Amino acid sequence: MTILEVKQVSLRIGGLSVLTDVSFSLNKGAIHSLIGPNGAGKTSLFNCITGFYRPTAGAIRLDGTSLARVTPHRVVRLGLARTFQNIRLFKEMTVLENVMAGCHCRSEGSIVSALLRTRAHRREEESIREISRRWLDFVGLRAKEQRRAGDLPYGDRRRVEWARALASEPKLLMLDEPAAGLTHTEKAELIELLRRIRGQGTTILLIEHDMPLIMQVSDHVVVMDHGQKIADGEPAAVRRNPQVIEAYLGVEE
Amino acid sequence: MLGGSVLLAACVLPFVADPYVLEVATMALLYIVLCLGLNVVVGYAGLLDLGYAAFFAVGAYTTGILTSQFDWSFWATLPVAAVAAAVAGVVIGMPTLRLRSDYLAIVTLGFGEIIRLIARNLTITGGASGLYGIERPVLFGIRLDRNIDFYFMFLILVVLVIYVSDSLSHSRIGRAWLYVRFDEDAAAGIGINRVAVKLYAYIVGAVIASLAGTIFAVKMTAVSPESFTFSQSLAILLGVVLGGMGKIPGVILGAIAMTLLPELMRDAGIYRPLVTAVGLLVLMLFRPQGLWPDGRA
Amino acid sequence: MGFFLQQLMNGLILGSFYALIALGYTMVFGVLKLLNFAHGDIYMVGGFVGLLILKLGSSWLGSGWLGVVVALFGSAALVGALGMLIERVAYRPLRQAPRLSVLITALAASMVLNSAVLALTGGRPVAFPADLGFVGYDLGPIHISVIQMALLVSTLILMLVLELFVSRTQYGRAMRAVSYDMVASRLMGIDVSQIVSLTFFLGSALAAIGGVFAGSYYGSLHFFMGFIMGLKAFTAAVIGGIGSIPGAMLGGLTLGLLETFGSSIPFIGSEWRDVAVFGALIFFLVLKPTGILGKTMVERI
């Protein structure tokens, strides 16, 4: 079963080819990784999928629905949540309020119902709080729900972002360099967390540089270089691929 | 508790105050409504609106025209004024709310001028000299024309607007305003329709200003374009910024300060704007969160 | 035909004023991504400083061309320094602050300038005693005065010099680097603060020149003249493409011509002129926010 299909996607920015003819598909319920040297076009592809960039050519489908011309907030409602490479929390707000943002697209309280303080409105507010707390439990941050998000240590801020993304009930969760800057212990916790997320049926797509982590956790790896896909398959097979070895030689490791 | 005592004091005040104090207090209530309305736009959603007086004008002119030229009752003009302001909010907001925040500031400034110039140049709005002979409201056969009547009309509106602000700020929409204010891209990335959310703030703010305008029109019985200048928009904005964007008690204090300061500075005469301007600059440099902030900004 | 050419001339004159002010908006916006609300008031202050110099110097220099030229240069230097000072005092401390605070601070700076001049002049218009005579030349059916020619030629020269400065000199290159990526520029060893100061100096000096020309051309100055000028010059910058120097020139002239020809259409008339100008601003911002000459930018997330 395919959850995400990327078909011959190209992106040109100001005459520069950033992505050329990228195609791959992701199976439901697995952990996928998107890897490649710096400047390979990973984040650009990420931004195309999440609606922040509009591809010049090609098609992207989430669970059969085309994502062409879909704005970023609609993409989330369709079941695709993302995190940002450089953590984008609402720093001035509490941890709980941050996670509640994820529930926004799954709730419908209107101005009128808020003004009339209807019972349905109160019930929805209560359920938003409850769901958010559940996700804080899931990432192990329940105790810090009233802290200001900007005051948390780095590792915790990453978790808040994951909880916020999970609260939007995604079918596909896309994490942009989730392991960056984490300690050894935190990485182990990340792996465990990723498996738990997969365990509840959510598909994951990682953009990562951390090779040991990728090899350990991924079910499937897509490799990019110079804006093109150069390999795609199981971690062990990809690692032996001569093109992949060439792309990485002298660049990293 | 504190709120209740303040409200009680506000109800007693007109019976003990002399006419001058009553007049100033009425103006203070008007500013509280306007500042709380703009606070939804600036304080909650973080959109800098420099033409807010335009919506105040929409309300005042709607009531003014309908009562003086079409013999409508004041009460019947209220929903029309609210709808007119909401429509104006959508018309100006729809195309511009996608823009960067500084573009929005200058567009709203231009929009404020457009509304004033239209009021100046149309015949139906009475041109540069404005509208006269606006009908006073009648309630249960009693003509409301004493200062104390308008004081209470504004007081009721203040209570209503506080209720609206408070309800919204603790709702899904209110949180969405804050998300958009603090990080627009992250908000979009987590599924919030930023344009729609900003538009709601804009409409709510517009309707509040418009309702203030309707009462203003029947209190003064005359409206002219000069009541809706850039300086007026600026004064409202100053009240919001001074008190602390986003927090209701802070904004109320800011509004009161903006009403009282000109009265207290009468002796300063022509130096008054300079004192105000330097005060604002110092405030922004040393306490940009305002005197009584919401603890977030 | 004569009427048409005369209107063309008037449009170009008006457009030159817009262009001079728009240049400052565009440069500051390019480098700091800041909408400098005080810029219109800088133009107004420039006029008044020129007036002061003209008056103080009149016993030696007279109030003819020599006096006016000294006033132009003097005001450009002093007001350029004032622009740097404003950046230093009001904007620099807020470089990391939320955009809303920065905008409000810019607004405060604008209010300080115009309320200070209000206090000094009592809010009355002040005559600008330049005595340039009415000498001019007849080119076919139209009459051009020397001051009109001086304004047009100076605007053109200033724009060319500025364009050369930005594209050819070390400082100009640094300026473009900062406008492209401030953080990277700092890492490359560019003194960003110095470049920002320089940008404010140049922009403010150009606005001051505009102000002195306005005084000499219209014969009087008023504390509120910066407000509407600021708004329209910003419109010009947007029409031309904000961030682009030739764009500011093109936008200024386009707006000047539109305004002049627009108000000679009977139905529109001068009462609706400003409505049309702000309408154009909104139109451009919405449909073509990059303006005529602006480059498309991809926002990085």
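Here the chain labels run A, B and C in written order, and each chain numbers its own residues starting at 1.
One rule holds in what follows: contacts are C-beta pairs under 8 Å (C-beta built on N, C-alpha and C of every residue); 3 or more make two chains touch, one makes a residue touch a chain.
Everything numeric here is computed off the predicted structure, so don't read it as measured data.
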{"item": "Label of the chain whose CA centroid is most distant from the centroid of chain C", "value": "A"}
{"item": "By number of C-beta contact pairs, the top two chains", "value": "B-C"}
{"item": "Cα-centroid distance, chain A relative to chain C, in whole angstrom", "value": "46"}
{"item": "Centroid spacing, where centroids are CA-atom means, of chain A and chain B in whole angstrom", "value": "42"}
{"item": "Inter-centroid spacing, chain C versus chain B (mean Cα positions, whole Å)", "value": "32"}
{"item": "Shared interface positions of chain A, touching two or more other chains", "value": "52, 84"}
{"item": "Residues within chain C bordering two or more other chains", "value": "301"}
{"item": "Residues of chain B engaged with two or more neighbouring chains", "value": "185, 189, 297"}
{"item": "Complex contact set, residues of chain A against chain B", "value": "50, 52, 71-74, 76-77, 81-82, 84, 88-93, 97, 100-102, 104-105, 107, 109-111, 114-115, 117, 121, 124-125, 128, 164-165, 168"}
{"item": "Chain B contact footprint on chain C (complex, rising order)", "value": "33-35, 89-90, 93-94, 97-101, 103-105, 107-109, 111-112, 114-116, 118-119, 122-123, 227, 231, 234-235, 238, 271-272, 274-275, 278-279, 281-282, 285-286, 289, 301"}
{"item": "Parts of chain B lying in touch with chain A, wherever the complex brings them together", "value": "164, 167-168, 170-176, 178-179, 182-183, 185-194, 200, 204, 296-297"}
{"item": "List of chain B residues in touch with chain C within their complex", "value": "42, 46, 48, 50, 95-96, 98-99, 101-103, 105-107, 109-111, 113-114, 117-118, 120-121, 181, 185, 189, 230, 234, 237, 241, 245, 270-271, 273-274, 276-278, 280-281, 283-285, 288, 297"}
